[in-house]
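Next come two complexes, and both contain chain A; in the first it sits with chain B, in the second with chain C.
Let's turn to the complex of A and B:
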């Protein structure tokens, strides 16, 4: 990971010095372990603050909308797909971007690490050769990275960026033999009652903080549906029905657009698996419209086009 | 009448299915009386928010009907609507709304018989499922 960081710093510095970009967006080390934060730098002398390791789970594409300047940005597989989504949704122009592609081997799930060390206080997390070394007061434990990966990373099929100007390193091999929609299929095997029970239990702890929405690069509407009044389609209370309405609509707004970057789930303070909603829509988009979000710049998103012979069996 | 009667919120496209409902009435066809019809300009006008609101306010079923593909008054509205509904139906049923509660159909303004027949099928399905158990807001609505 050290080579990645050095290469990112170097590239950012030269881009800013040569005036090719006005701002460079990346990550820097957070104040607490396993929480790297988004970082935008415009001063070439401050690029040494940029940092990369497996704790960069926030999606940087949140910072690309409504911009008119030239931006340098780092992008791993899912982030690059979000950039493509932004481009086809006319949120940013390709010419404005200098994309430094990062072949990614997945992000660490802080919750999994904390659970693995039995919730003792962690002071430092290091990473080397596919292993994660967790240090704390009076203990040091080593885990295989694959055991503490974020769930979406463990089932990721596009680790390499799909769009880039330069890569920081050689492409990594894509994961093979993974069942991406295992969770969805598990739920599909249940009956209606069981499903309803599963989802109501899952969101019962939701506090409606909208962190999942804020972390999501797809959510860039000027007025979000949850903030609408007159008519107010989503109640603002934490009534279970209102909460469910929020989750259904939030997911539905991501239909055919979600790249499964996992930022929503990572941002959730209550640890709700909000990806369960979007994952189903991803599966349907793939099965009904052969569409995976963010893979191609020359195709319109599925909800923006139609075919005369689209799936019609559910209509009488 | 002691028998339970479902409430079915029905969204009908102004140009086709609403006309079919009208024609069914004028032609004195018999069909179940459980439908609360809302006239919309096009099936594409129907937002998922409407459907969720209908369930939230206590509908036992929702039925949406528009023009046949290719016959949209606005040329392509129902094609877009079809994609939207396909995804929405999949998601809602995934979450636990029973299949049968959310119904879709294409009915032209001349198909009064199809309207009456579909109404019977939808009514029977919703009746068989019984009163809606999920996704009803129990607390009083605060304005």
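Let's turn to the complex of A and C:
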């Protein structure tokens, strides 16, 4: 991780110095354990604040939307796929970007780490050689990083960036033999009442803070449907019907666009597994359209194309 | 008032006895964290916690509350005439509330009870609530209650306080309400000298553990428009995603929105928590939005807490140092850092 950080700082510094970019977007070390802050630097003398480790779970594409300047940005597998999605959806132009690709071995899930230390207060988390060392008042425990990964990272099939100008290091081997949709299949096997009950319970603690929506780089609409006043599609109280409407519609808006970066789930202050909604749609996109979001720049996502010669009757 | 000691093994049963007189809220483990829930026969209270994920503010100030109602029926002579929705304010107690969250109610009260107006719902519910605090033996690294006029065992805003002495609690009534609550509990014995001494020792020990500070000593003397127009806001707000986590988790954020909802003939006027992070918060009917940009909304939150509130009420900052926003902001915006920028400007 140290090598990554050094290379990021170095690259940002020279890009800014040479005037190739106006701003460089990465992360800086956070003020609390397991939390780094998305950070933009435009002064080449301040690039030493940039930082990388396995706590960079917020998706940086949120900060690209509709920018007009030239931007340097770091991107691991999922973030790079969101850059592709952003380019396809006209949220940014490829020419504006200098992408420093990050071969990624996944992000640490703070929830998993807290569970692993039985909810004792953590004061520091360090990483070395695939291990995570967790320290607190009167304890120190070491875990294998693979055991405390975010769920989406443990199931990730695209750890290397798909689009980049330069890589921060050699590519990492992609994970093999991963059964990505095991949880989705379980839900699919439920009867409709049971499934409705599952999702109802899952979101019962939702406080409608919209952290999941706002952490998502796909949610860039100027006015979200939940914020529309005329007509008002969704009520604003914590009525369970309105809350469910929000979650279901949000997920459908992401159909065929979600890269499963996990930012939504990471952001949720109530620990709701919101990916259970989007993952089903990712599975459908894969099975029905052989589509994984953000893998290539020359194809549009299945939900926003229309072909006169489409093989399905219903669309003609 | 005399102190009482309750053995932990008898604690929940002792509390349950007070349910004849009070609706009781207790911390309950909800998966990975704790929240306050009503103490029912099936509830499993868990007092082994740092603090609840959500502050107990919703017990006094529900996230959504029906305030008025009317019928939307052309035949009804009362059509469209709003009447207050029925509410009741039975005596209730929040048992295990941390001193910071109790402090927060008093910070918020400045807004809901002023010389010009009084919010009837917030006030009535607050007045019917007994705050039975649980002192913090082990404050977190993100706690900074001592720099905002509180402390891990701060008694000023509580009706009663509990000291966790390992196998037992020492309960001390601090107000008449608090004393009454303890008297309604079952069992317990008069506190012995040893327990009282142990409790005293906890206070000093815990205060030493609060190492985090909120720097704001120089913000008061600053000219408000100067601070408003300070150059650091845009950069500081860069990472903010404008979600409502900080405001909804915050025990001192009080802003609300009022919505009318129609369902068949029934019209409800509902008060919902609102968040100044949302563009909708200030969107005007004309379409103009005075806080159109992200950094303006971000600035509002910190200016309100650290400048406008102190200037208006002369009651310290609008923050009780619970640290929830620091711990759960998805992008690590830290009020201690932002206060530092404001303080040093």
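Please note the rule applied: the second predicted complex is superposed on the first by the 305 of 316 C-alpha atoms of A that agree within 3 Å, B and C clash if a C-alpha of one lies under 4 Å from a C-alpha of the other, contacts with A are read in each partner's own complex, and residues count from 1 in each chain.
As a convention for this text, a residue touches a chain if its C-beta (ideal position, glycine included) is under 8 Å from a C-beta of that chain, and two chains touch if they have at least 3 such contacts.
Just so it is clear, the model here is predicted, and its values are computed rather than measured.
Undergrad: Just to be sure I read the superposition right, which of the two partners does A:39 touch: chain B = first, chain C = second, or both, or neither?
TA: After superposing on A, A:39 lies in contact with chain C but is clear of chain B.
Undergrad: Which of the two partners, first being chain B and second being chain C, lies in contact with A:130: first, second, both, or neither?
TA: Touch partners of A:130: none, neither chain B nor chain C.
Undergrad: Please work out whether A:237 is in contact with chain B alone, chain C alone, both, or neither, and reply first, second, both or neither.
TA: both
Undergrad: On the A-aligned overlay, A:289 touches which partner chain: chain B = first, chain C = second, or both, or neither?
TA: first
Undergrad: By the touch definition at the top of the document, which applies to A:173: first (chain B), second (chain C), both, or neither?
TA: In the superposition, A:173 touches no partner, neither chain B nor chain C.
Undergrad: Please identify the positions on chain A that touch both chain B and chain C, taking each partner from its own complex.
TA: Of chain A, residues 235, 237, 239 contact chain B in one complex and chain C in the other.
Undergrad: For chain A, which residues are in contact with chain C within the complex?
TA: Residue positions touching the partner: 30-32, 35-40, 58, 62-63, 111, 114-115, 119, 121, 123, 137, 205, 207-211, 213-215, 227, 229, 235-239, 263, 266-267, 269-271.
Undergrad: Would you pull the chain C residues touching chain A in the complex into a rising list?
TA: For this pair, the touching residues of chain C are 30-33, 35, 50, 53-54, 63-64, 138, 140-142, 235, 238-239, 241-245, 247-249, 257, 259, 261, 270, 272, 275, 278-280, 283, 326-328, 330-334, 336-337.
Undergrad: Can you check the complex and tell me which residues of chain B touch chain A?
TA: 47-49, 52-53, 56, 69-70, 76, 79-80, 82-99, 103-106, 118, 121, 134-139, 141-142
Undergrad: Can you list the residues on chain A that touch chain B in the complex?
TA: Within the complex, chain A contacts chain B at residues 184, 187-188, 192-200, 225, 233-235, 237, 239, 241-242, 244-245, 248-249, 251-252, 255-256, 277, 280-281, 284-285, 288-289, 302-303, 306-308, 310-312, 314-316.
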